[in-house]
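Per-chain residue numbering starts at 1, and chain names A, B, C and D are given in the order in which the chains are listed.
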C-alpha cells in the first residue's frame, strides 16, 4: 500500500518542525491548484507549467520575466530568407536529471511527439506549421516550416513545447525528468511537491537547495497559512480582499503583477439579439469596468478596451470606445428595436473573478433593461455547454494564453465572430517577421475588434503575490503560466 | 385531552413556545420580504462595502455593499422553501410506502421497500446531493430534490414501524371484521393515529433540511445568484472573516436560530403528543 | 409486636390524595389479603411500605416494619432493608426480569448486595433459592435467560429473588393476575408453603375475592384509598358490615337470570376445521414446518343459544374465532352460518359476515382514539350494500346506544371520555348496529372490574332475550363462563376435549384436563357458611 | 446465530450489487467530458479522441461496468483520468486522513455524549438535565462548517494555536498529525455528540421506567446501582445503532469540513473529482463508502446479538 510513499520525508513538515533556521536555502511556495500530473506536454492545466516550467523542463527558447523570448536549450539560431527554415545550435554538455545526455535526437523526438497523429498535446496547433525536423549533428537541429510563421520562436517557448527524453517518457506523469536547474524530488498528492537543486545543471546554477510547492485551494486557509507563516510565498493569492492586511504587516510584501489574462464578457455573435452590433455596443456602454474591478477584484486589474495585454508595448488604449454610459446604452437598444430590453443567459465558470464579476455585471445590465439568468457552471460543464456547445448568450472568462488575439480569426471559436478582413489581417501578421510591421498590424487588429464590439473587454487579470520580506528574484508579471524559481534567493 | 386541554398543555410546555416563537420570526421575515425589505438586494454600491452593523444597515453590508439584514430576510425564503418542499417530498412518498410495507408485512413488497430504504440510507447523502447538482446543474430546485430523496426512507421507516404496532390493535381487527380492505384501513385507521409522530418527525426533518440546504449552497450547489441563500452568504464571507466578521456571524446565526426553533418545537410537540408524559403530568 | 404496623397512612402524589388514613398490620407467619378494585390504592400501600414511590409522592403517618420506622429511615438504610428484611413480588412476570442477564446472576445479586460473600457462594445460595421455588437445576440451570422461561416460571424466579435472604415480610402485588388458572394455583400454593417454612408475613394484594377467600388469615378491603372493612377472613365473609363488601361479594358470584328454554335450530355449524401456521424456517433449506393451532374441531350452536368455549392461552381459541369470523382461511373443514359457507373459494362472502359480529377484550384497544363514537359504532355498516344514511342512520345509532344503556348524545364524544365499562357497552352497540344473529365475545369481560363485569353480563343476558341473539362466549375465566352459558366446551391444544351443558360439565367433569381446570379455579365460600 | 449472520450477509451482498449498478449508471449520466476538461480550450478534436482512447472511455457502457466491477473485486479500482495513478493508491493515501479523522471525531463525540447523557438521565428534570438538553439543542442546531469557520478565526488566525488547514502528514509524528486533525474533529464531533447525548438520555429514561428496574430496587439496589448494573446495558442497544450511523456519516459527511480545513481526505478528493469529471474516482470512492456503511451496519447487527441474548436465539 502506498504508506511508504507517504513516509518519504515531506520537506514542508521537517521545515515547520525545525523552525525558520534552515529557511535560508529552502523555500515553501504555495499556490491554489494542484497539477493533475507532471507532463507539461500532456495537458492544459496551468498548474503543471507553474511548477515545472524552466524549473525542471526547458524548451528551445524561453520566456523572460518581461515576456520577451530569450535563448533556452538553443543557444542561437539562423532563419532562412523565406522565414521557413530554422537551424538551432544547442548548448553543450546538457544532461537530463537521469544522467542521459540532451542532444538533437531528443529535440527531434519531442517535436515529432507533439505533432504526431495521436499526440495528446493540448496546444498541438502550435506545431502544425512544422514540415520536417532533421538532426544535422548532435548539437544542431534544422526545422522546416510549411510556410513562414512570425511567432514560431514565441511558440517554442510555451510549456507544451519543452524538450523531453524518450528514455524517461513512459512515467513522466509521476517522475518528470527534465534538463532544468531543479530536479523533481517527491510528490505527496493533495498536499505538496518538492524539487531539489540539480548539481550538474548546464547553465547558471539555482541559488536555492530545495523548493516545496504547497497546494491550498481554500481562500481562508490560504490567508491563515500565510498569516501563520506556514508558507514563505503565495503566488496568485486567491483572496484579493486580504491584501491590505498583508501590505501593512512588516513581515510581508505584496507584489501585484499582471498576466496575459484578458478578462472579457464574451457575447455569442451568432445568437439573437447579440448578432446586432448596436446591441453589443449598448452592452459595452452599460458596463462600468472600474466598479467590476473594485467589486470583484478589490481594485486589482487594469481596465482594457480590446483583447490585448496592456503591459505589452504594442497595446492601444481603446477603453474610450466603450465608456460607461447607461443613457447611450438605452438609446442604442431602442435604435436596435429593444426599447424594453431583452432576456439572455449569463453562464459563469468557477473562478471568483467570473462568479463575483457576474453578479455585479448582472446588476449593471439590469439597470439598462437587460435581464440575465445566471447559472454557475463547473469547468467541465462550461467547456461542454459554452465552449464546445456554443449554447450561451453571455459568459465571463479570462484568456490566459499569451498573444491570443488570433482567436478572433477563428469563426468556429465559441463567441463565433466571423470577419473576413480581420482573418486576412491575421494571415498577413503570421507571414511578417519584421517587428515594426508586426506591431502596426497588431494595432490595427486591436482597433477592429474594439470598434466591432465583438466582446465586452473588462480588465487584464492581475496576479498578486504575497511573499515574506527578504525573498528576492520572484517574477512580478506572469507572461506565461510559470513560477520561475531559478533566479530566486533569500537576502 | 379536550380541545382547551390541548392548548393549555401546549402553552405550558416551554420548549414548544420558545421554538414556535423562534420559527415564527424567520417565517415572518420570509413572508414580509416579499413585500418590503430595508434595502434593495439587487442594487450594489461597492463604495460602502463591508460596513459594520449599525447606522443605515442594521447588520452591516456585504462585500458588494448589499444590506445583510435584507439578504437574510430574502435568504430565509429560499431556505424555508427548500426545506418545506423537501420534507413534503419525503412525506409524500415515504408515508404511503411505509403504510404499504406495514399492511403487507413480510411480503415481497415489504422486503423490497425495506431493502430499498436500507440502500438509500447507505448512500452518503451529501455526496449524492453534490452529484445530483453536478448532473442537473446547481439550483434551488435540484437542492430540493437532492434533500427530498433522503427524507423518503426516514418517513417510510418511521411510518412502517408505527403502523406495524397499530395493526395488532383490536380496532383494526374490528375494521377487518367490518369487511374493510388493507388500503382503506391504512388510511382510515392507521394514518390518523400516526400523524402525531409524523408532525414531530416533520419538524426535525425540516430543521435538517435547512442545514442541508445551507451546506449545499455553502459549496455553491444550492440556490444560484441573484437568489440569496444563507449558505452562500457564509461561503462569500469566509475569506473576509478577519476583516468583516459580521458578514459570517449573522447568516450563521440565522441558520442556527431557525434550526434551534424547529428542534425545540419538535421536542415540545413530542412531549405534548406522548401520552406517557401527559398522564404523569409535568 | 406484629411484624408490620401501618397506622393512619396518608399518601398524595402531586397533590392528589391517593391513600387516606390506611391502617393494617401483618404478624409473622400470617397471610393478610388486601382486596380492592383498580384505583383503590392497594398497590400504593405496598409501595409505601417499601418506600419505592414515584416522584412527587408525600407520605404521612407511621409504617413500622420489624421495629424500623420506614418513613423516617434514610435511603441508605432503606436499601439495606429491601430484599433483606422485606421482599416483593410483582404482577407482570414477563417484564419483571432483566432480559439480558441470566436468572442465576439476578437471584445471586440479592445476596451479593446485602452480604459480603464470594460470587460462587452467592451463586450456590441462588441455586438453593431456585430449588425452593420448584425450579430444579436440571431443567433450569443458572445460565438460563428470562426469555427462555414461561410466565409462571419467571414468577418463580422473582419469588426466589424475594425470599433468597429469608425476609421477615413478603409483599405480593397481584402475583397471579397475569397467569393461567392452573399456574395461578401452583404459585399461590408455593407462596403458602414459603410462609409456613420461613414463618414470614405475607401481604397478598389482589382484586379477586376468591383467591383470598381460602388463603388469607385476615383480609382488608380497600376502596378509593380507604380501608372500608378488615378482620379475620371468616368473620368478614360472615358479617360483611360495609355495603361495598357486600356488593363486591355479590358481584363475584353474580348469576344473571336467563331463560333456559332449550333450543335446537342450528345456526352455526363448524365441521372438522383444521388451521395450520407456517413456522419460521430453522435451517435455510429445511422443509417448511407447521404448527397445528386447530385440529379437527366440530361443534354447532343453535339459534338463541349461549355457548361457552373455555381453554388456557395458547389452546387455539382465538385462531378458531378468527376462522369463524372469516378473517383467516382454514386449511380444511367447513364453517356454515345458517347453511351458508363463510368462505366461498378464497374470499369470505359478505352476506354471511353481515350476520355475525365480535366484541373484544381490551376496552382501551378496540376503539380508534381519533374517531367519535358515532362513526365508531356505524363502522359495520360497511358490510351492508346500501347502509342507512341521514336520519335513518342517526336513528340506528340512537337505538344501538340506548339499547346498551347509553344516551344518543354520546355519539358526539371521543372514546377517551368513557370508563372501561362504558366502552364495553359501546363495543356491544357496535356489534348490534347491523342486527347480527351471532355475536362472538372474545374475553369480553376479563379486563373489567368485578362490579362492572356483573352489569355487562346482565346487559348481555337481557339483549339475548330481547333480540334472540346467539352468543359464542370465549374466556379463560371459568367462573364467568359458568354463570352465563347454556353449554360449554373445553379446548386444549387445538382440540375440544369435553363438551356438554354447563352445570353438568362443572359439577361432574369427565376429562381429567377439565378436572384440573375446575379444581384450580378458586371458589367463593357460599354466603353465610360460617 | 450463524444463520442470522448468513442471512444478513446474503442481503448485504445483494444490496452491494444493486448499489454498484445505481452508482455506475448515475455517474455515466454526468454531463461533461473528462478529456475536454484536461486538454482545455485549444485542444483539437483528434487529440480529444486520442486521450479518450487512452483513458478507456470509448468502450460500451456494459463493457466499462464489467471491467470496473471486475477490477474492484481484485482490489484494482482502475486508474484516475486526471491523476493517472491507480485509484486504489489514491484512496489508500486519502484513507489515512479520513479514517483517523472519523475515528477521532467518533471518540470525542462518544466521550462527551455518554457522561452527559447518563448524567442528564439520572437527574431527570433537574438543572443538570435542562442544561445538558439546552446545550445539545444548540449543538445540533449549529451548522458544523460555520462552527469550523469561527474556530479557524479564533484558534488559528488570532491565537495561532492551530494551523488553519492542511495536513502535517503522519511521518511528521503522531502528535503534529493529530494536532492538524483536532479542529476538524471537534467541528465534526459537536453535532454528533449532541445527537448521541440526546439518544442516550431518552433511551436510558425509557429503560429506567421498565419493571425490572423496580424489581432491582425492591432487591435493595440503590438508584445508582440499578442504573449502572441494569439500565445502562439495556439502554446501549439503540445507542449502538446511532453510533453505527454516525461513523458512516463521518466517513462521507466530512466533505465540507475537509474543504474548510483543506485536508486531503476522501471527501475532498471526491468533491474535486466531481468537478474534474474524474468519473472513475467518483464511482470507486462512492462504492467504497457505501460498502463501508453496509459493513458498519452489519457489524452493528452482530453487536446487537452480542449485547442482547434474545436476538442470539433468533433465526
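Rule of thumb we're sticking to: contacts are C-beta pairs under 8 Å (C-beta built on N, C-alpha and C of every residue); 3 or more make two chains touch, one makes a residue touch a chain.
Being a predicted model, the structure only gives us computed values, none of them experimental.
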{"item": "Co-neighbours of chain C and chain A - touch as defined", "value": "B, D"}
{"item": "Identity of the chain that, by mean CA position, is farthest from chain C", "value": "A"}
{"item": "Pair joined by the larger number of C-beta contacts - A-D, B-C", "value": "A-D"}
{"item": "Centre distance in Å when chain A and chain D are each reduced to the mean of their C-alpha atoms", "value": "40"}
{"item": "Between chain C and chain B, distance of the C-alpha-averaged centres to the nearest whole Å", "value": "46"}
{"item": "Mean-CA-position distance for chain B and chain A (Å)", "value": "46"}
{"item": "Geometric centre distance via CA averages, chain D-chain C, whole Å", "value": "50"}
{"item": "Per-residue multi-chain contacts in chain A, two or more chains", "value": "218, 220, 223, 378, 381"}
{"item": "Chain C residues counted as touching two or more neighbouring chains", "value": "none"}
{"item": "Junction residues of chain D, two or more chains touched", "value": "31, 149, 152, 157, 259-260, 274-275"}
{"item": "Which pairs of chains touch, using the document's own definition", "value": "A-B, A-D, B-C, B-D, C-D"}
{"item": "Touch list for chain B against partner chain D, complex", "value": "115, 118-119, 121-128, 130-131, 134-135, 207, 211, 214-215, 218-219, 234, 238, 241-242, 245, 248-249, 252, 255-257, 259-260, 263-264, 267, 276"}
{"item": "Residues of chain D defined as touching chain B within the complex", "value": "11, 14-15, 18-19, 22, 26-27, 29-31, 137-138, 140-143, 145-146, 149-150, 152-153, 157, 209, 245, 248-249, 251-253, 255-256, 259-260, 267, 270-271, 274-275, 282, 286, 289-290, 293-294, 297"}
{"item": "Chain B partner contacts - residues on chain A that touch it in the complex", "value": "218-220, 223, 238-239, 241-242, 244-245, 291, 294-295, 355-356, 358-360, 362-363, 366, 374-378, 381"}
{"item": "For the chain B and chain A complex, residues of the former touching the latter", "value": "42-44, 46, 49, 63-65, 134, 137-139, 220, 224-226, 238-243"}
{"item": "Complex contact set, residues of chain D against chain A", "value": "31-34, 36-44, 46-47, 50-51, 54, 82-85, 89-90, 92-94, 96, 149, 152, 156-157, 160, 163-173, 176, 259-262, 264, 268-269, 274-277"}
